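Structures incoming, each one as structure tokens.
Heads up, the next two complexes both have chain A, just with different partners, chain B and then chain C.
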Partner chain A sequence: MEKTRREFVKLVGGAALGAGVILAGKGRASAQTIPAKGAPSEPIRIGVMPGLTGVIGVPGTAAWRTTQIWADEVNASGGILGRKVELHMEEETTAKECVERFKKLTLEKKVDVIVGLMSTGNGLAVGPLAEELGQLWLAWDGTTQKGVEETMPKTKFAFKSIDNEAEAIGGAILTAKYFPKIKTIAGINNDYSYGRDCWESFQAVLKHFHPNVKAVEALWPKLGETDFTSHIAALKKAKPDLIMTSFWSGDVPILMKQAAAVGLFKTTKGCFTTGGGVHYTLKKEFTPEGLILGYNSMYFKWTDTWPLLTKFVKTYFDKYKEYPVYECDHAYFVLQAYKTAVEKCYSILGKWPTKEEVGKALSGIQVPSLSGYRGYREDNIMTCNFFMGITTHKNPYDFVTIDPVEVLTPSQIIKPTAETKLYEWIKGWKS
Partner chain B sequence: MKPWQEILSLKSTKVLILIVVGLLFLGLPLFASQYVSYLMLTFFAYAVMVLGLNLLFGYTGLLSFGHAFFMAIGAYTAAFLTGKFSILYMEVILVVAVIISSILAALIGAICVRYIKIYFAMLTLAFGMLFYTFLLKFYYLTGGDEGMRVLRPYLLGFNLSEIPKMQYLTRSYYIYTLVILAILTFVMWKIVSSPFGLCLKAIRDNPEKAEYLGVSVKRYRWYAFIISGAYAAIGGALLAPAIGQVDPGLTYWTHSGTLVFMTLLGGFENFFGPLIGGVVYIFLQDKVMSLTTYWRFIFGAILAFLVIVAPGGIAGVISSLVKKEKGGE
Partner chain C sequence: METIVSIIFSGVFNASTLFLVAAGLQVVFGVQKVFNLACGSFYALGAYFGIVVVKSFVAGGFPKPLFIVPLIGAGLLLGFIGPIVERGLIKFVYDRDETFQLLLTFALVMMIEDVIKFIWGTSPQTTGGIDLIYGRINLFGATLPVYNLIVILCSLIIAALIGYILLNTKFGRIIRATADKKEMGEALGINMKMVYIKVFTLGTVLGTLGGALVIPATAVVSEMGVELIVLAFAVVVIGGLGSMKGAFIGALIVGVLKSVAISTYPELEMLTIYIIVIAVLVIKPQGLFGGSKV
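Then we have the complex of A and B:
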């Protein structure tokens, strides 16, 4: 799909502004050392809820690292309106414990804002709580979707991540574009709501473009599964033209290795809608070229013309000897959005804003982030570009990258409003 | 002897301690922070669960590793009744939770009590995991991994929806839950002190001898299983509105392990041991989780320490210290 002229201008303009933001930030570093007039003197308290163990451990750790990098940079440049930021971390675990942690951050630690949470199950528990407690919550990956339906279309304090099925829709758009001749598909997705919804929406989009495509197999390993030999045997037997998966964690390289051992992708095409979440683990020795690979909302090699990304990738690599994954930009964006909203409120009100006022400023906001311009819609759902492409070995790394890089815009991959019915929206597309 | 006479017949210090602890719990929201009151509220719910678990473990000698199953029955009953059927009366929720859990405990218990030791533990674990899988797989009914919302219930017929959430939880709901805990603690005390309770202890200590003396071992174990399941379900039903959301994780085996941990931590040989374990566990977890991401490691070390050094738990340590003190006098 072609990008519109408006979107192109936005990207290029964003790149220029991103550079400006960095330069402006450097200029401010020595100037802003005391709180702005009317701002409290104590630090801004930011609650952070990263998942650090289990399947969410890899992206959660990356997001937590990014949060610390951001805080160090902001503090080094004088804080937000002269106020330093202070991080209070509570781990994301079960829904019950997340509710407790959220209450602790709000009631005991009295944080100004809470960022984090990746699981939608936890988001569903915390979203209503944020509204009830009047606590700003800016989710990384967590939504308040039940399946593909939004349960909280109107919020004041809960700012939710982009719809869960966005990457599957993007994957299907690219499948239709790059592999127009496929007739049969098979899915291997985790047996939980995200996996099911991705498979359903992938099929809906693909069949919209190619109505004769037929699903010949659907496999549902449980989340956290590490042995896919029986699934791969079933996939080989089904002989689909293309295999789609929404795996996003440590299961991606495992599936890829076990598939490579039997040459699965020598004869079958593949679409890994979210595999880029662990991109640096996809080594060339077992990851073939020619697969569709989705990097979700940030691709570390997207461009050399966006200074925010270039600087961050270098900082992250120097510190952790890894190339950052998409969760980093979720973490970076929500903090940047909060900072911008506070500054915007202050410039209008002339005083330190309340949480409600910051919430109002966050609705509809657009800020430069690592992956270009990102924002929140008026219904407080995150919008951002998604990066996908075709795997290639032509790079200096020991893992695959993508070429060409396709930038899928929010208008292509997420329904326009929280109330919109996903499958009706897809049916309404031009073929 | 009438119940009040029985209480009066206790040593005056024990009565005094009970009164002080009761008043402390009752007045806690007046001087403690909302968050501490909230943690205490969750403790009340867990206290009901571990009271039930210990009837089976401490008094009957059967270690259940699937007790979170019944707890989840109570929690999902609250979710279904408030969310799907718009039945918001807490008393109805509790009654329905007791009925459903008792029926299920009667059916499952009829199979489980035929076995003891590791076989009983594994069977209960298996049933717990079966329910976990049911909750995940039948997602159209249960919400799957995303779980279900639990709406704010009416208390004694009063609709308290206008009160801010935390005020509701740490005042009205807090007192409501505390009163239920007090009643159920008293009922459990009566159960374990009754001839039925003595029979359970006899079964625990020597089932062959108890059988020989005319105690129907399997039947009594079955009764204990049903009572224990009902207690867990009440605890689950009380916990659900405090969380506001239920999910399959509540019935996962690690959650059953948490209940066992609380019981071991406090000491299963003492009536109040599991309650002490519950309150210590909840507040300790809260502190340790905030201090380090290696909190699971610390809890594992505590469990190992308990089993090796203090198998009687906190209550056992206190009891031996008191005995030593008396011996030294």
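Then we have the complex of A and C:
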């Protein structure tokens, strides 16, 4: 019997929650060693596009490791509906090469789904291609935004990451909450779309709560800069009450170290909206307490009551001697969402689903991930909680953690639809 | 005054590491006529190895304030890769077109980056806050990290040492002679193979030492060598390709200019540097000290 899209999505949405409970630790009742009836016998091919070199090498490696951990676990428990998963990796590099590799994975390797990509520049190139080829693409961190505007509000196959500016919005909300008396701010952000958009949206939100806050300096080191002594001299000259940065990779410990060398944060407050991307490098010796630090979608110490997180942190640490970062959660989530969507399609349709059917099931899905339940909106943009807080030295590690932990929900930091104008949305908030 | 001191100091600190990398580039080009793109990678290797040595030193229970000693040792020791690279790769392109040399040394950059990732992974690494044990000093109201002063001092000593070697030793005279006319050196019975090995090792050590020295004040990331080489290009164009004096002055110009630009017109940071580069290329294409050799 043919089902309408609405009926299909409704069924899938409800069933996904059920599957989530199973995955959260109730058992593995659906695990099979032989393919389910009507399912192809060959393995499911998953194309993976991690960035492994340059600045994206840090989160990209974490996501790639997570993908392998997930694949090992899924295969050990019988695969997806009895089909093993097989990973085909093509590195994320430039937009041109990503397009070629995306085509290669789709047309030559004939993969069932492609996960990965962290750069929005690459997302903008690959998004339209996914729609054209009819290939499912589940981005880790790549969006299809131009600035803060969504360029692909309606997609069938391209599933995009959270809006880039979400962490800056979260950082500004916490700045207004924890440092209500600040009068002047300065920004040091990378000189590309993400850095500039984060700085603009941070200011917009902060001024919404505190209209008199004034920006006294804005610095734009290029992505990959490894010396900030001159920038720090400029920041000291500007004497702001608070410094905001959206650095997310190796530049975070460099800035923190060089700031500590001249005691910058002894007199100035700080908001590192995305610094948790390399949280384990922020050693107590040079990272002060009292800074706002954002961990994006995953905080490894969020809770002891979520078995998925506890188990994953242990597995990851045992294997790599590092504590996982947020890109692990994005990587885990997209695979879990795909698996759940396929299983639910199968349970409804009684046959192995097409890519289009899986895509329909993914829209609006909610599944358990490392950071709790998270999902895709109907416009195929990820949603998830963001974890931020105030740095503390009171922990057993040699690096800082946060206390209190603030959990910012999607409705607080992500505009409700792809078409929503960001700054109009912010203006509409109640103070 | 406080602001001026802070800006100049950060510029000079920046220049001190730039000088070491650019000097390595210059000495190799001056004698071997090879433009070694991998000099930035040697810098990155020195930084990673420096972390290993400092961590081992601290773990061994040695007094922390003495960490600078094994750190310098690490930079010098890593020079052993110089002869390996020179004999294993560089010697094959001496008489070939510059394009081959650039391609080979670029391949070396990629290979070293992969070796770094293979050994140390992609995560940024630091020596913790060990540099902070030297404290800070106050100069005209500006807070200056003492460790950064040590790095500047080390660079000055190295610059003086290189100057002394080039001008007052037999090895220096051989280097200058072969840089001027290789054939004459050979005709006089100079063992060019050994000269090339020694010069390339010197170039390598300048890079590895630079990386090792700077690492306590920053964090290492696998791409740090590539980042530095771009600025080193600007230094050699301004100073003059093949000139050590040019490397010194060029590094100072680039370092201080960058610092001043960031404090005044941050958006024009790179533009300012490359305006100088273009001006030099137009007015004095051989660079400020391009006429003088090594």
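Criterion: the second predicted complex is superposed on the first by the 400 of 431 C-alpha atoms of A that agree within 3 Å, B and C clash if a C-alpha of one lies under 4 Å from a C-alpha of the other, contacts with A are read in each partner's own complex, and residues count from 1 in each chain.
Just so we're on the same page, a residue touches a chain if its C-beta (ideal position, glycine included) is under 8 Å from a C-beta of that chain, and two chains touch if they have at least 3 such contacts.
Predicted model, so just to flag it, every value in this text is computed and none were measured.
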**Study point:** Contacts of A:Leu124 with chain B and chain C, given as first, second, both or neither
**Key:** first
Point to revise | Contacts of A:Phe286 with chain B and chain C, given as first, second, both or neither | key: second
Point to revise | First (chain B), second (chain C), both or neither touched by A:Leu52 | key: both
Exercise for review: Considering only the touch criterion stated at the top, classify A:Glu419 as touching first (chain B), second (chain C), both, or neither.
Suggested key: neither
Practice item. Report for A:Thr229: first if it touches chain B alone, second if chain C alone, otherwise both or neither. Key: second
Check your understanding: What is the contact status of A:Glu378 with respect to chain B (first) and chain C (second): first, second, both, or neither?
Key -> neither
Exercise for review: Could you tell me if A:Val99 is touching chain B, chain C, both of them or neither one (first, second, both, neither)?
Suggested key: first
Point to revise | Which superposed partner A:Glu91 touches (first chain B, second chain C, both, neither) | key: first
Exercise for review: Have a look at where A:Glu42 lands relative to chain B and chain C in the superposition and call it first, second, both or neither.
Suggested key: neither
Check your understanding: More chain A residues touched by chain B or by chain C?
Key -> C
Review point. Both chain B and chain C touch chain A; at which residues?
Key: 52-53
Point to revise | In the complex with chain C, residue positions of chain A that touch it | key: 52-55, 57-58, 60-61, 217-222, 224-227, 229-234, 236-237, 249-250, 252-254, 257-258, 260-263, 278, 280-281, 283, 285-286, 320, 322, 398
Point to revise | Of all residues in chain C, those that touch chain A in their complex | key: 3, 6-7, 9-11, 13-14, 17, 113, 117, 121-126, 128-132, 136, 143-145, 147-148, 217-224, 226-228, 258-259, 262-263, 266-267, 269-270
Study note, to complete from the structure: chain A residues touching chain B in their complex are 52-53, 90-91, 94-97, 99-101, 103-104, 107-108, 120-121, 124-125, 128-129, 132-133, 146-147, 191-193, 196
Study note, to complete from the structure: Given the complex, residues on chain B that touch chain A span 33-35, 38-39, 42, 136-137, 139, 143-147, 149, 164-166, 239, 243-245, 247, 249-250, 286, 289-290, 293, 295-296
